[in-house]
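One chain, subunit A, links the two complexes that follow: it is found with subunit B in the first and with subunit C in the second.
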Partner chain A sequence: MATQGIEQPHIQQPPGRKPSGSRRKPTDASLLTPFVFLAPYLLLFIVFIVIPAVFGIWISLHVWDPLLIAKPWVGLQNYTDLFSSNSTTAGPFWNSMEATGKFTLYSVPLLVVIPLVVALILNQQIRGIQFFRAMYFAPYVLGVAVIGVLWRFLLDPNVGLVNYYLGVLGLEKVPWITALPWAWVSLVGATVWWTLGFNAVIYLAGLQDIDPELYNAAKVDGANRWQRFVNVTLPGLRPVLLFVVTVTILASANMFGQSYIITKGAPGEETTTAIMYIAETGLQQFNMGAAAAMSYVLALALLIVSVVNFAVFRNRGD
Partner chain B sequence: MAQTTPSAQTKPTRRDPRQVARLILPYTLLILLTVVFVAPLLWMLSTSLKPNFQTTQFPPNWIPQDFSGEGYSTILTTTTQNPVLRWFINSLVAATAHAALVLVTASMAAYALARMNFRGKNILFALIISTLFIPQFVFLMPNYLIVDSLGWLDTLLAVIVPSAAGAFGVFFLRQFYLSLPQELEEAALIDGANRYQIFLRIILPISKAPLATLAVLSFLTSWNDFLWPVYVLLSPQNYTLPPGLSVLQGAYNTNYTVIMAGGVLASVPVLILYLFAQRYIIQGVSRSGLKG
Partner chain C sequence: MKGFRATGRRLTRQDFLLLSAGAGAGLALAGCGGGSTAVQSTGDGGKTYKGPKVDVAFWNGFTGGDGPYMGELVKEFSSQNKKINVSMNTVEWAVYYQKVPSAVSTGEGPDVGIMHADQLGTNAARGVVIPLDDVASALGLKESDFAPTVWNAGLYNNQRFGIPLDMHPLGFYYNKSLMEKAGLDPNNPPQTRDDYEAALEEMKGAGIQGHWVSPLLFTGGLSWMSVLWQMGGDLYNDDASKATFNSDAGVQALEWMVSLVKKGYSPKDVGEDAEFVAFQNGDNAFMWNGIWNINPLKEVKGLEWDVAPLPQIGTEKAAWAGTHQFVIMNKQPLDENKVQASKVFINWISEKSIEWAKAGQIPARATVRESQEFKSLEEQATLAKQVPYVHFVPPVPGIAEVGLTTFERAVNEAVLLKTEPKAALDAAASRADQLLEENRQKYQA
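Moving on, here comes the complex of A and B:
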């Protein structure tokens, strides 16, 4: 809360550099000074963000193989190919888009709801909250490569711990890696385990920002727990909720490592995600023009989802 | 204030048995969850300390029957195909250099954007911030070609430098600099200090906490980065640990003690960092959440 008010006094400074203003504003001895401070970052920013932002579009308009000298201009063909039935890339690309879509659809609701429940439990006056919070967040500091090889081992159909304990409970072995829908259950489960703590920490900070007086007032009015949750907690969390949903959708759309390591895209190409297919097309087969075009189509899909997401949250606010 | 509200009267004392009963459920849940989060990590550690033939014996031994350094000695001595120790050093160098580069460039740029006046400042800041909303995968192809043309392909520079161009550090530090009182610089300016002296002697020393947060977050991101190193680091001696682990998994297939030893090696530095910098990491994450 406090952080948002901080900006105000500085923004109100007059934009001009007139010396006639108050003496309160430190004047810069040299016009160059700000530039000197900005230069190192701007160099990185221009070379690795501004130039690629434009260059990427340029690549997508060519047949671009870095190993060949000729990079013929093809206009929008890399894009139209993705929508034509007789191109070799359209089929696998849309399959991979579907895989990413499924993963997003399965994982986002779980990663929005479960961490909220965990944060609500932690936010009661519970002792050791720091300890539990630290434990739940721990998997998140590990990389996808570590949690990938770990879960590949745990979920191994024959020697994995998960199937062993299912056996102890009298259940049959599950083909976690090699069959549907189990491969999705595995990927979503491992991802929830990995990133739940991240969302919970964000929720918890949001919950602690809600004014306790609001709860007291609701209690005085006779509101029960559920009514307090619906009328105080949820409205207070709305910006945090929007952030969590947005970030989780973005992370799901970027899903790569889990499939790459745990299922290797199997069974068939069912769990080959869009990023996997784009990276393979562009950086392994060096069909970079097509891959660049695909990445823009994926970005556009993501943009549409985000716009819908924002619109839903805004309507709820009215 | 709480004492004056009616709710204070219903505030239960510690001994109230009803209150104790009400706490049983949440604590049971919390402890169960702790097991869910910690057990897989313990299994990784335990497996890495067993002789390989015992890694797939059931019922499982959570504490190894026989302790064995087989897994670790294998990964630390193979040098040609899977030089794991080399990957570890590469990861350490890359993540440290990346964090340092982010700190230097972002702290300077954020200072100019927060505390100086110059033409086009707001437009420039808006431009930088707007790139936070571009999904990273859009840069995959062009940055691969740029890194290639710089001659950085298959070198650690490819994993150190391009990712430092992200706008998060600038955004994060600018927010902190804006919160500092204007008087800090005024006094120094009257004393004749210039901007560089103020930055080095006043601003940086009081920014230790946000700088530490940014350093730790940058280190973690770089240490764990997977997709980009898989495609830009090509020869085994140049891998960092994440692409290395995935190669190790293929090479050692069912030798779980070796694979889990690799996993432990990749986890220990970040878990130690987490142990000591937990507050910075969690605050950094939750604060970035509230901004959104």
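Moving on, here comes the complex of A and C:
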């Protein structure tokens, strides 16, 4: 497929017809067609996304515990509380937002670059390459509970395997999961190990989509490996890159399980992420009004990040 | 492959919209369910069951070594009571306390269950469980049949919601071989502060870190609460409207734990369950841990250990304990037959609690606790000496979650040497005061 030309074949206009002006008016049926195709998804989207999202706004305007009859209306107080220094939610919430931001900042570059390198390697024609492709993807099929418990035991500062081997090598114990910055190193490391296969597979698909003739042409022009990478591979991957960056940012910003299991949000609440604190507020304290308000603030923050992300990628080279 | 690029781009936008909208939506989904109505039940409160054959769903969180013991009891009950078929479902406690309220409020989920004292008030106030005063009176259960603390732990707003099954206090586990290695008498575990610290110093001299201090609720938080009570303090004031855990007693208790780390009796940066793993491996000599660890430790081959009541670090004796209480769920519309069958079940298990004690628990019923059979369970009986002075977290609505974001984090920061004990506890206490006030408003409204 990749050997086909870049140009899409044009749809032939029937002879003797002017391309414009004489087009048939679309019938009612054809107007409906796209909606019929969209209907199944639209239905799910409305039932599971739109209605809950709107209902969530309603909840966020109350002190809301589903099991209590009294759900007093508080207006915007759940939101203003998040910006008031003497409320119970502001401190922990912004701490958790900061933790989420840090995790995103540390993990996204690694999750964008390392899988790309892996994909470039896996794109070679080597015997048994399928085995290596499967191997890099393998951790991704494990659930977060599995990888969480696994790494928690491996990284335990006193009884973990990693520190045991460091000790054998005569190195100091490292407080992998109980102190900063090590807790971040552990969380980011475990996440990269766990999910890099997913991004690598997407890159791989993108790489195989790049026309080999472009590489041949570049070679003829005397481009070396690096120049071919910068001028052929990267531009060819741009749409894929946008997808990977966006999805990775959102996945990192929604990080919950790793902190919950590996570090328990500790030390203190340094690695308590936003989703973790929102879940704690909504599902453990049953303070769903405040939790819903926090969710909307988080959603707004992610919206802004994503818009910036799109703007950056669009401005480059288009 | 051409198609992939196109969908790749489109998917991106959809996903991004989806995810950002979805962030708020997930929580909203839980916003269903109605109010609760008070229940007046008929029947004889659980002495007998005369109705038709009935299925009773029993949920609990006994995911550890205790689960099979309860499973056996349930089987035995069902074989003796042909008309009542009890099916048991076990989910992790944290999940249990999230699932049960929403299941019950929609008329699904269990008919009968188990709750801890610190969750009982919350669930009573939220209408998840029904009052059981009639069970207590019909069965002739009185405070004198139980230890007063565990009996009162089943009360909320002067109504009984829980029938006590057991108590599970913190106990003092010690490794006999390590004590011997350090030149200590393995049959004479230290019971006073001076002896305890002297023993730790001896062990340090022998290259043993004697008491691993955990920064997490299990077991660091529980140890801190025990010492706090030993120092004469309390977590909250009498009506649980103000936090008092940053009193001198609380600060001294936390300082004592931090001193164990600073003096090198404990390694720094103890991870979750590491104190237990180290004890199992024969690296940790003294461990303050729950009575529920008796059976798991018995399975460790070659480990020479025993238990004793917690050493007295403060001015009085005290130990943290939890209690499992039977509850009946408020599943509307309430099925009288199921409720009646559940009461019979609760009464039956309660009388059989000696079997349950074998799982590593202290029976709540005094008669069972004083039986010869219980006294022959050596470790359990030793830790039962603490019964007169065990403390529970008060059964006030929302209380468990107050601890979660306040003193649990203070203990964590202090034990990890990030924050001074007093500063950590003061900050936690002022936050706790606010949360207690919010809870008071929420549950009184």
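As a working rule, the second predicted complex is superposed on the first by the 270 of 318 C-alpha atoms of A that agree within 3 Å, B and C clash if a C-alpha of one lies under 4 Å from a C-alpha of the other, contacts with A are read in each partner's own complex, and residues count from 1 in each chain.
Definition applied: a contact is a pair of C-beta atoms (placed from the backbone, for glycine too) under 8 Å apart; a residue touches a chain by one contact, two chains touch by 3 or more.
The shown structure was predicted, so the numbers you read here are calculated from the model rather than taken from an experiment.
S.K.: Quick check for you: in the superposed arrangement, does A:291 touch first (subunit B), second (subunit C), both or neither?
M.R.: In the superposition, A:291 touches subunit B and subunit C alike.
S.K.: On subunit A, which partner's contacts cover more residues, subunit B's or subunit C's?
M.R.: After superposition, B is the partner touching more of subunit A.
S.K.: Which of the two partners, first being subunit B and second being subunit C, lies in contact with A:175: first, second, both, or neither?
M.R.: second
S.K.: After the superposition on A, what does A:257 contact: first (subunit B), second (subunit C), both or neither?
M.R.: Touch status of A:257: first partner only.
S.K.: Thinking of the overlay built on chain A, is A:201 touched by subunit B (first), by subunit C (second), by both, or by neither?
M.R.: First partner only, subunit B.
S.K.: Using the touch definition from the top, say if A:118 reaches subunit B (first), subunit C (second), both or neither.
M.R.: first
S.K.: Just checking: does A:278 make contact with subunit B only, subunit C only, both, or neither of them? Give me first, second, both or neither.
M.R.: Both partners, subunit B and subunit C.
S.K.: Which holds for A:266: it touches subunit B only (first), subunit C only (second), both, or neither?
M.R.: Only subunit C; A:266 stays clear of subunit B.
S.K.: Let me test your reading of the model: by the given contact rule, A:52 touches which partner, first (subunit B), second (subunit C), both or neither?
M.R.: In the superposed model, A:52 contacts both subunit B and subunit C.
S.K.: Let me test your reading of the model: by the given contact rule, A:101 touches which partner, first (subunit B), second (subunit C), both or neither?
M.R.: neither
S.K.: Residue by residue on subunit A, keep only those touching subunit B in one complex and subunit C in the other, then list them.
M.R.: 45, 48-49, 52-53, 55-56, 59-60, 64, 66, 152, 158-159, 202, 205-206, 209, 239-240, 242-243, 246-247, 250, 254, 275, 278, 282-284, 288, 291-292, 295-296, 298-299, 302
S.K.: Tell me, which parts of subunit A touch subunit C in their complex?
M.R.: Residue list for subunit A touching subunit C: 1-2, 4, 45, 48-50, 52-53, 55-57, 59-60, 63-70, 72, 87-88, 91-92, 152, 155-160, 173, 175, 177-179, 202, 205-206, 208-209, 239-240, 242-243, 246-247, 250, 254, 264, 266-269, 275, 278, 280, 282-288, 291-292, 295-296, 298-299, 302-303, 306.
S.K.: Okay, in this complex, where on subunit A does subunit B touch?
M.R.: Per the touch definition, subunit A meets subunit B at residues 3, 6-7, 9-10, 13, 15, 17, 24-29, 31, 33-35, 37-38, 40-42, 44-45, 47-49, 51-53, 55-56, 59-60, 64, 66, 118, 121-122, 124, 126, 132-139, 141-146, 148-154, 158-159, 161, 164, 193, 197-198, 201-202, 204-206, 209, 216, 219-220, 239-240, 242-244, 246-247, 250, 253-254, 256-257, 260-261, 275, 278-279, 282-284, 288, 291-292, 295-296, 298-299, 302.
S.K.: Quick check on the complex: what are the subunit B residues that touch subunit A?
M.R.: Answer in residue numbers: 5-7, 23, 26-27, 29-30, 33-34, 36-38, 40-41, 43-44, 47, 55-56, 58-60, 104-106, 108-109, 111-119, 121-122, 124, 128, 131, 134-146, 148, 161-162, 164-167, 170, 175, 178-179, 182, 185-186, 189, 194-196, 199, 220, 223-227, 230-231, 241-243, 245-246, 248-249, 254, 256, 259-260, 262-263, 266-267, 270-271, 273-274, 278, 281-282, 285-287, 289-292.
S.K.: Which residues of subunit C touch subunit A in their complex?
M.R.: Residue list for subunit C touching subunit A: 1-2, 4-5, 8-9, 11-12, 15-16, 18-33, 35-36, 97-98, 101-102, 105, 125-128, 212, 215-216, 267-272, 274, 277-278, 281, 283, 398, 401, 404-405, 409, 412-413, 416, 418-419, 431, 434-435, 438, 441-443, 445.
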